[in-house]
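The following blocks contain the structures, represented as structure tokens.
Shared between the two complexes below is subunit A, which has subunit B as its partner in the first and subunit C in the second.
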Partner chain A sequence: MNIEIQFWGVTARLAGSERRRLSLTESATVADAIELLRSDAALATELPRCAYAVGADLVAPNHSLSEGDELSVLPPVSGG
Partner chain B sequence: MADGIAPALPELMDQHGRRKRKLRLSVTDRCNLRCAYCMPEHPTWLPRGDLLTIEELLRLTALFVMHLGITNVRLTGGEPTLRRGLPELIEGLQLLRPQGLQRISMTSNGTRLAELAPALKAAGLDDLNISIDARDPALFQKLTRGPIEPVLEGIAAAQTAGLPFKLNAVVIRDYNDSEIEALAGWAFEQDVELRFIEFMPLDNAQQWSRERVVTESEILQRLGTRFGAVEKLPRTASPATEYILGGHHRLGIITTVSDPFCGSCDRVRMTAVGELFACLFSAKGTQLRDALRAGEPDAALLAMIRGGVWSKEAGFAAPRGYVERPITMHRLGG
Partner chain C sequence: MRAEPIDYSRIQPEPLALEPLLLATERPDCGALAIFAGAVRNHHEGAAVSHLIYTAHAALCDKIIAAVEQETREQFQVPECRIVHRVGQLGIGDIAIYAVVRAPHRAEAFAALRYAVDSTKHRAPIWKEEFYPDGSSSFVTGCCIADGFEPPEHLKQLPLKANT
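Right after this comes the complex of A and B.
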């Protein structure tokens, strides 16, 4: 299946763009997506510290992804 | 090294090897503004007797500087200028410079600087961050429940007093993103350094709102349209990425405040009641005030501080998913 990654904050800079398409096996989880993204050396160390959201909901690494999901990568707290 | 047992090193380290150099010291939980992202509109203040006295603040800070390698202190709140005895606190901190204290900074809303800037400068404050989320008086009033005039007077007073400062504006869509161009234009006119802070509404454990994020690239695109070519400067140790707009206007953008790189986080925070938080997301702090008031010797306090920092968790959201922050921003001082 294909999902869309949306990078926020500092991760967009590290990724070199705000969006990226990712092809995953059916029944893949957030953890699988993170694992695939970690092959990008610029992101590798940052990803374990990020939170992840599908839509407006923060999700855990074992959350199952669906075709067409938008997975947001949220770096540590911002603002304030 | 077993978990929970901190080594008695002459520096402050957590079990992930992160050395702490910066102490954020909240000197009061009180604030005279009511910015929605920071504070409830009708907050309940801590009883004054719960707050660390100036002497207690100095004693604890001395431990951090003399025995734990802290080199930078940032005074926060609430609004730190509401704390009685603030110049005396800064004067007291000067005594720690020969012991290794390098920088005394403060984050303020600017409202009381017209009155206090000369005293703060004379007391030895090195620099200031002043928050200003809108330049339009009506919008400023709406966002903060306070008038903008004292802030503008405070900024002018800081300039007159020769206190170095930067302006910080948190940007949130449909809140103050309409002010991006006005704030930048005004800062350029005044020739003061402005930094926009990209806000990520992550305070709530269940949800986050992507619609409210105004990204760095959107800010730059809008400012480029108004002020001309955007040139990115090389990264420095500053948390902001610096840009030059239209050939000569300097601007910073901070995409992640709490140091994007948790792995190299060098901060600890102490609340106005003497609770030590090694991380914004720590589930609970280490209460130092009661031990201090019970007459515990320095060695015991140092052991508590080292233990509290040592057991700091690895980083944001680790290891058990998102951690709801147990303490509101106005108590922790950002």
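Right after this comes the complex of A and C.
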């Protein structure tokens, strides 16, 4: 299946783009997507500090992904 | 008695207005109105700052800030709590966040306001990029959402005696 990664904050800078398309196996989880992203050396060190969301829901690494999901990569926040 | 709900976004690209928040939270049973305004300052950790750009995951922010407002109301037993945050480019002195709390008495209003602001800063998916006079920039290192937010002890409970 294909999903869309949306990078936020510093991860967009590290990824070189705000969006990236990932191809995963049908039963893939968020953890599988993270594992694939870890092959990008620029992102690898930041990913353990990130949270993840599908749509407007925070999701855990064991969350199952579906075709067409948009997975947000949320680095440490700094509002206010 | 509860003020009428207003139709507003918690994440706004336009300059923030305080007046609608005050009007929407007016209550005759609240003697305390506590307001926090966070303004952009011209320095950070010893470096001069020329301006900021805030970005936010608006849909997730709206959900998380709504949860913070509800937690604040329930935990501190205050009837009103509203928070709005600005995104986009902000200059020095511009307001980045307003938090408004109304309560019968000031003790719970102060405590609730601090909890609301700290929780928003720690949990809402908002990112601050600082720009410096030489044109360079960097993202401010923040708090990991994944770690959750454990409020400090002084925010977990109200003072034993709430004065008028």
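By our rule, the second predicted complex is superposed on the first by the 80 of 80 C-alpha atoms of A that agree within 3 Å, B and C clash if a C-alpha of one lies under 4 Å from a C-alpha of the other, contacts with A are read in each partner's own complex, and residues count from 1 in each chain.
Going forward, a contact is a pair of C-beta atoms (placed from the backbone, for glycine too) under 8 Å apart; a residue touches a chain by one contact, two chains touch by 3 or more.
Keep in mind the model is a prediction, meaning the values are calculated, not measured.
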In this superposition, which partner touches a larger number of subunit A residues, subunit B or subunit C?
B
Is A:53 contacted by the first partner subunit B, the second partner subunit C, both or neither?
both
Between subunit B (first) and subunit C (second), which, if any, makes contact with A:8: first, second, both or neither?
both
Would you sort A:44 into first (subunit B), second (subunit C), both or neither based on which partner it touches?
neither
If you stack the two complexes on chain A, which partner ends up touching A:75: first (subunit B), second (subunit C), both, or neither?
both
Once the two structures are superposed, pull the subunit A residues common to the subunit B and subunit C interfaces.
8-10, 13, 49-51, 53, 56-58, 72, 74-80
Per the touch rule above, subunit C residues touching subunit A in the complex are 38, 54-57, 59-60, 62-63, 85, 96-97, 117, 120-129, 139-146
Looking at the complex, which residues from subunit B come into contact with subunit A?
37-38, 170, 172, 197-203, 205-210, 213, 215-217, 241, 254-263, 280-281, 314-318, 321-322, 329, 334
As the complex stands, subunit A meets subunit C at residues 8-10, 13, 49-51, 53, 55-58, 72, 74-80
Can you tell me which positions in subunit A touch subunit B when the two form their complex?
6, 8-10, 12-13, 18, 45-46, 48-51, 53, 56-58, 60-61, 72, 74-80
